[in-house]
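A, B, C and D are the chain letters, set down in written order, and residue numbers restart from 1 in every chain.
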């Protein structure tokens, strides 16, 4: 009954096998190995982007912070949702990597609208040299609240960015979950929708610790390489990052895992709904924000369930509804979900 | 015949097995898993330092840059050898992580002397607010040229630092190789010798990608945690870092691997000496800097040997001596070495 | 008819005379001159703070950014009003000087309330190492909208900061104007109200270009000195900064100038009120935010008046009310004000 | 008898008068005043560079650090003399403003040679992504040891920079003194000699506190403006900076002052030579590094002379020679010099 995060489950067996298979003989380090070369080609195919610059790092924060630093200047501001991971959960990593750029929060609580984004952009850079200058637009897909932007919504956001000549970064820590939810291609959800750079997550969907950064315009490649090395995110034994990501992409493992995670989440959401849960956001991928009676949470925790309460402590006098976040990964079994549902 | 680096060989089978064993069930992320807790205790035992603060990162540059940033201020200068890895091979990571501190290079070409270090320290901070202020002393053990500071030499350096009230960091990317060379304990080569913080390497000695940072005074712990997260070096699935490092420390695998690597290196060095090689530095651990006739290099490369030439191109008219760096890891076989020696 | 800013008027003659008087003979640079020594004592007396550390810089942004950098850490967030000068008008200088700290905006549009500040503080640092850590509280007095915090309001804000053990900085670019408005002492409006550091402005109130930074706890002194030098804000010929500030403080010139500026503003505000202007904020010092009919603005601009429209362009179809900002300094004459009033 | 620095003397009366004359009526701030516009044109004429971007700041360190930050990237290294002001006397300001770039010191002790510079450049960027990348070349003219590069020497240095496609910055804190020493034009000593950006000093040669930064390629203009504001070096009352610099340039005041300073220095040097002083560097502008017997220093200090000893304390047993630095500015009188000479 582990719904705490999609990074608390085990690594998919295929990924582990790939590490073992990669572990033969000698290989040059720092990205000069053969697997890394294969991986670059594979990701370019997946994204239908033969010119794309492709890099690997080991954490999602590194992917986001390095990508945004490459796309921005320190006297600019990055536009993002007011609940964006880069704002709430990276301990100022974007500010650090960009050399002190600002984040301008678009009030939305989940998904930015084109209108909200435009308003935020228009409000900046009205003071000439005095205020921050307009910088990249950063979009999370899946969002931090479990929503998914439709392709129309994505395109509307990037159209606003294009109007102001601003680059667009997509935080795809749960890229595969979003793709599966939208039933679209990787290209459709990225460059075809006006996205310039993607953090393409593997860690939350079955890998051990690997994320790709993809720039569709390769002009950013060398600067990114230098920023990655300077940020201490260039691995010496890159073959073990490449091997993970290759196994992840082979035989649609990434999409299969995402389908399982989303399916588990849909199943759990439907049962929660029947049990009277109130939803704080509409669950569209593999995360659910829902309120349950306090006593239900207590029973679940007493039985060993693991998940995060949201915005409210468990303690309290009555039996009011208390919000919680439930995340399903590929490895959760129906039995676990049913066991949990039986408790609440 | 791979002598390019001790990061080009495979991961030790025990480390891979540990990853597999760690891959069962659910575990909280970000250092809250049980293996990470065990690892902290194990490293404290290894270093005889029950109060020490212990952290894991995945690259040596991250370990060094984060440790130095924690020990320094941006208006200070770090004292190090003029061939230190932090100066030559980290693309300004120490300057980045420290917020713009300077490195003051102690001229030495390999090992700093206490006298040279004192001279460098005395020359700084003579200008009040105008110049950089004195900051940490950074020592590499094994050095970047394959030498090893004796405990006496280490203590002499840290005594100079203590005189000026400066903290001392030890870049132990090859900590085990140095310990084996000195036949001493981890405590003797660190806090008992006046060292305040250690980058304790695993990657170059059989791990996949893991380094520990150890502060003997735990007052630095929370700041380091925040700097690590801000630097995007906090892994979500930390159990796989901890599992590597635990397997590395169990049953003396780390020391066995280092003994093998040093032994391979000693064997190669002795044979090179007999073959007429000239040594640029005295090989004391698992790296050899030696000159061979150009034709010997050519034959080796033609036969597929892999290693780095040093300070000189291979092309040239005559058959003069050309310097090269040979690094042995634990996995090199005597057959490989003999095969290489037969060529030159 | 210049109401554009209190930095567009001339320097007060006494300040200029002081520069001339300071211009005799030789004086050591970088703060070692006699006038600087006198100035330190004078400011300590003015603030009834014999231990205070006192520094001069030449711009308000330097004063704010250096003070906040000294009080914060790069992994923290600074709490301030959503219209704070440090957020809107310093092109990311606080982020730059702090090494990438964040600003958390307290929604208020002008003056923070203790309740609003507490809510903002409570919302941060709920995510352990993942989010930014709580840092200084920054208060502007006079505010950017021409309001003045009462001593009670100030104390309520600093009490919240103290509850969370956070230091408090006061941006006093218009410190004298606020003091005059409150009819209080410098000590009452600073350390007696719980403020730890003050940017004490001179430039907007008759000086040529000088601001003091005052830390009531001198433990910050040396760090501030180093940060100032590193930021290139240590002047060589400091006697000319000290001479300005000394003349400013002598014979109550600073308070006289502020009384004139506030008086001019009150006179203008009263007449605007009678003329039917609508006030966007209550004018309490020397700035007025008021709406006038479009045609009135047009007549004023045609006649050479200088001031900033606020949040709205002048162009438009009808004759609706258009907001504007009017700033009075000490040098504005009643004739100028009357001339302007006659136009609108 | 003040030879401590060319920033310890008074401001030239013409400069003070200009401040008084500028002090009439209202002027828009932040560089939008009429004097600033005139100053831009004047400096473009002085440098025969009609397209040049021209900015004012108040300190030499600001000029240098902002110019270098604009010309560099944080993963690069700046090449400079091992006694450069930017290295020894700016408390890491270049590292701060550049976001953590490194300085590579060319060993020379005073003037870099083309050969030494090339060697330093060639030694960097040999490690691909691992080491710092090559960045700007920074030259001080007058040097920190009182020497002056001939135009040939300057061109030889910039030719090396051009070979590697690196921009060149000239720290001209004593630009006028060097021009007078070389009897050349401003253009000849800057863009005609291959220089891309100049810090053009006023403060050390009669101004109160003003330095210009000039980019001969205006493409850098907007970035510099933003970096200046972000660095808190944009003055609100810019007219008083512009007025100083205008008065400085009018009627050849800058060159007259420099001629006086250099003349005073030559006179002092000649007399010191006759008195048996040993010169540590050849005095070519307005600074002298010379050794005198300890007793001579003692007599001078006892009589109130002010200057810096160099590399050695005054205390000591015998009467050996002790090095000192003597700086002459425009305001030193022959009487002062003779008075000093009579003592030693």
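Methods note: contacts are C-beta pairs under 8 Å (C-beta built on N, C-alpha and C of every residue); 3 or more make two chains touch, one makes a residue touch a chain.
Which chain is which protein? Per UniProt: A, B, C, D = Beta-eliminating lyase-related protein.
As the structure is a computational prediction, the values presented were derived from the model and not from experiment.
J.: Tell me, please, which chain's centre (mean of its C-alpha atoms) is farthest from the centre of chain A?
T.: D
J.: With contacts defined as at the top, give the pair, C-D or B-D, that has more of them.
T.: Between B-D and C-D, contacts are more numerous in C-D.
J.: If you average the CA atoms of chain C and of chain D, how many Å lie between those two points?
T.: Computed value for the inter-centroid distance: 33 Å.
J.: Compute the distance, rounded to whole Å, between the mean C-alpha positions of chain B and chain D.
T.: 41
J.: Going by the contact rule already set, what residues in chain A reach two or more other chains?
T.: Each of 74-75, 90-92, 96, 99-100, 129-130, 133, 226, 229-230, 234 in chain A touches at least two other chains.
J.: Using the touch rule from the top, collect the residues of chain A that touch chain B in their complex.
T.: 2, 4-5, 7-11, 13, 16, 19-20, 23-29, 57-62, 65-66, 90-93, 96-97, 203-204, 208-209, 226, 229-237, 240, 306
J.: Can you list the chain A residues touching chain C in their complex?
T.: Contact set of chain A toward chain C: 74-77, 88-92, 95-96, 98-103, 127, 129-133.
J.: Using the touch rule from the top, collect the residues of chain D that touch chain A in their complex.
T.: Touch residues, chain D against chain A: 30, 73-75, 99-100, 129-130, 133, 223, 225-227, 229-230, 234.
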